[in-house]
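What follows is a set of structures for review.
Each of the next two complexes has subunit A plus one more chain, namely subunit B in the first and subunit C in the second.
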Partner chain A sequence: MMGGNAGNKPALLVDGKRVDGRGVEDLRNVKIVARVLNDADGSAYIEWGKNKILAGVYGPSECIPRHDQSLYRSVVKCRYNMAPFSGMEEHGRSGPNRRSKELSKVIKEAFENVIISESYPKTQIEIYLEVLQSDGGTRCAAVTAAAVALADAGIPMKDMVNAVAVCKIDGKMAVDPGKEEDNFGESDMPIAFSPRTGDVLLFQMDGLLTPDELAEGFRLARNASGKLREIQVAAIRKVYDEPREERFLVIEKKQ
Partner chain B sequence: MEPINEIKRDSLQAFLSAGRRADNRGMYDYRKIVVQPGILQNADGSAIVSIGKSQVMAGIKFDIAKPFPDRPKEGVLSTSAELLPLASHLFEIGPPSDESIELARVVDRGIRSANIIDLSSFFIEEDKVLAVYIDVFILDHDGNLIDAASLGAMAALLAARMPKVEKGKIIRGEYTGRLPLKDKVVTCTFGKLGERIFLDPTLDEEKGMDCRLTLATTPVHLCAAQKGGWGAFSEKDVLELTNVSLEKGKELRALLPDL
Partner chain C sequence: MPGEMISDKPERISYAYVDGGRTFSTVVGLYQEGKLVPLEGPYDPLPDDYVVGIVTEVKFSGYSVEINCPYPAFLSSREIRERYVMGDALFAKIQSVDEVRSIELADAQKLPPGKLVKVSSVKIPRIIGKKNSMVDMIKANTGCDIFAGRSGYVWIAGKGNAPLAEKAVKMIESQAHTRGLTDRVAAYLKSQPQVIIDQGAGAPQQAQQEPQGERRENYRRESRPQSGGYRGSGGSRPHGGGYRGGSGQNRQ
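Our next item is the complex of A and B:
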């Protein structure tokens, strides 16, 4: 997803263990905190491995500019953006690029499926995703956080949404590739699900897969999606079970 | 002026003439400030700072760059600020607004003019120097973004580590120690409505006030200033507020990591 195949490829799977010690079915650690911003109607912060992403949602509010309006539904808008300091490598350029525009589009389309937008004609729902630190799999983490922010904003949805990628490493399918697996793996396939119906809302893929490998990839991803849903629901519950007076973003210091 | 701002102005006026503020703060009191330095791993330095309900994140990145032609032996310092659309319904997607450019330049000016970073130590070889990028991300807007942004930038610089440079290249993820800094620069921003002056304006206060004055200080000097808004300050105001800023600066510096 993020980088090329430059450099020497390390062994990615040794005795069923991956470079970071996970098995092929294991997700990295995922932590979600909902309602971390004051002005946004809904917000969520996700830590997924070393990914750190902030999602903020506004709406439904009057759709501006007016020529974007629909008489029949609320217009969903999405911006996925990476901070210039988010990567391991050099200082990035701020502002949209071809990659971030594509991701904004496919993420928006995934949410158009589940948001009950017919209830709010002439309005817009804005989803803003800020990648503060990237570690492979930012689009999946961003989708997972965005769904929690939408729920926090009280926007009616048919279902929760979450996403996870699967990869092929040293000839075997594995869930949730880390940065190294992303760079050196043989295939990468991010998928967003509507967990209740099983519908596939975002689907991208590169690399070479046989039909059997594809099926195994889906099995791994669905399994992970179920675990993600529990984490998402717990994050929303916590807002009401343990209400906080002050909303602010707390990031635990590591290493 | 929008009608809503007219209303905010009236309510601010009413509070101030009673010698009070809407949140019961004193005229020269800050809201609650929380500083979290060093919270990112990929950035070379980072921090989150909140002042009341305003939140900012700052990230530091080092790169190799070409020096400016007029300063061939000096490193490059570059500051930018982004008013993220998730921070406020007032912010829109698009090229940097006038407000974000002013914000970045005021933060930059304080740090630059106090010479707290020794840019001459950033020289690597002919036509090759280190560049330090300070990126300020506004996450939540409830007024006084300037003080929040400069406190965030300063906290991130204090948490920053110097990258290892070998054969003219940065070895990512390896560091030689902390970024040496000479002083802690902090800013104090005051709002003024009529003859009343108050520190750390909230967004509601900003909407109603006539003008603002930002004073950046080292422990002993005034090192940068910016006046904004259509109203006016007297010379006496400026002198008096400089003393207040030097005094308040002590409180702000105590919240930051040690030099």
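Our next item is the complex of A and C:
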């Protein structure tokens, strides 16, 4: 998804195992914690492999600027941002760039399809996605975390969206590419699903795929999407099974 | 959970939608006996709700009041005899709400000095309790006056053991979805030292509330489209003039 094809291409698939030891149908470890920010209406923190992303949802609140507001529905706004320290490469100055603007737009459009915005005319719903650490597949992790944050905020949605990428590595389709597979693989295809209906809400592709490979990729992604939904539901359930008054959670890491 | 099936028949349930002859939830909530109660969410203003708010703007013809809702409420000078300044807290009834959610207030009364606690609006019914049982219990045990506005502001008067009352309200908020909460709050209040500080702040009597549950349900049934989800309703809400004034019974 980012970075060039610098360096030599390593072997990505040896005896059906990938660089990090996964099989072609395995996701990386995904961990989601819902309701982590004190001041947001809804929030979630996701660790997906080495990706670490915070999602915050504010709203519905009065739509500012006023010329954006609609009398018929709530306006969904999204800001995807990568922290300058989030990757191995230099990300340059912070702030919106071409890539983050594109991702903000496609993520916003994915959620416009599921949020029942007619319930709250004249308002806005803001989704903030901050990538703290990136390792390939941040847009999918961001969509997955944003859906949990929206559900946590109590915003009515038709479904809990999630997203996963599929890639072609050494001629074979595999789910959830990591950074190496992303940079050196032949193709990369992030897809966001509405898991209940299987509707596709976001679809992008890098590289080339045959129709058969595309179909295989969709089959893999749909399977993974079902697993992700279970993780999302468990994250929200945990908020109510273990209620706590103070939301902010410090994750301690052993040195 | 959003997208979770709650019935295999098309049914009109608040916070749910029908697709392909089946009914699905749109929120994180508890489903029981044909009712879906959300566990989180913004306040949906309804006529006849009692709310607590803060004056945010003094206008020529009235006041703009913030009531913990996406939309500001308006209190006309014609409705009141007192004068307010910015920052005053007041207790009022929602008189009307129109289809673009302009809220008009009436029957306002100014609240004496106290503390405003902000909680999620969906948890207010638990704080009030059945026939005000919970709020009466906190009042009796702490000696505070409490007004719980439907929109999520809880006002606690500065006399009595206000810090304890605030803690009790916070406790109810974080455990609102559990059973046997009244007993636990009672035990908590009993276990704390009974400090009564009388600062002599007299508060108006509370002309409370209820039976809100039933009325909210009626409103939901009218206002949600029958099938095909929320899209395709042309954008406008389908309930015509049924919104304005009147009590719940007349609006069938």
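Structural remarks
Rule of thumb we're sticking to: the second predicted complex is superposed on the first by the 249 of 255 C-alpha atoms of A that agree within 3 Å, B and C clash if a C-alpha of one lies under 4 Å from a C-alpha of the other, contacts with A are read in each partner's own complex, and residues count from 1 in each chain.
Everything below uses one rule, namely that a contact is a pair of C-beta atoms (placed from the backbone, for glycine too) under 8 Å apart; a residue touches a chain by one contact, two chains touch by 3 or more.
Note that this is a predicted model, so its numbers are computed, not measured.
Touch criterion met: A:K122 reaches subunit C, while subunit B stays clear of it. Using the contact criterion defined above for the overlaid structures, shared-chain residue A:D39 touches subunit B, although it does not reach subunit C.
In the superposition on chain A, A:D15 contacts neither subunit B nor subunit C. Of the two partner chains placed by superposition, only subunit B is touched by A:L132; subunit C is not.
In the superposition on chain A, A:G56 makes contact with subunit B only, while subunit C stays out of contact range. By the touch criterion defined above, A:A83 lies against subunit B but remains apart from subunit C after alignment on the C-alpha atoms of chain A. When the two complexes are laid over each other on chain A, subunit A has residues 61 in contact with both subunit B and subunit C. On subunit A, the positions that touch subunit B within their shared complex are 37-40, 43, 50, 52, 54-58, 61, 79, 81, 83-91, 94-95, 126, 128, 130, 132-135, 247-255.
On the side of subunit C, the complex with subunit A involves touching residues 1-3, 15, 17, 19, 24, 26-28, 38-42, 44, 70-72, 99-101, 120, 122, 170-171, 173-175, 177-178, 229-231, 233, 235-237.
Put simply, subunit B touches subunit A in their complex at residues 34, 36, 38-44, 46, 48, 50, 53, 55, 57, 59-63, 80, 82, 84-89, 93, 95, 131, 133, 135, 137, 139-142, 170, 172-173. The touching residues of subunit A, counted against subunit C in their complex, run 41-42, 59-62, 71-73, 114, 116, 118-123, 151-160, 194-197, 233, 236, 240, 243-245.
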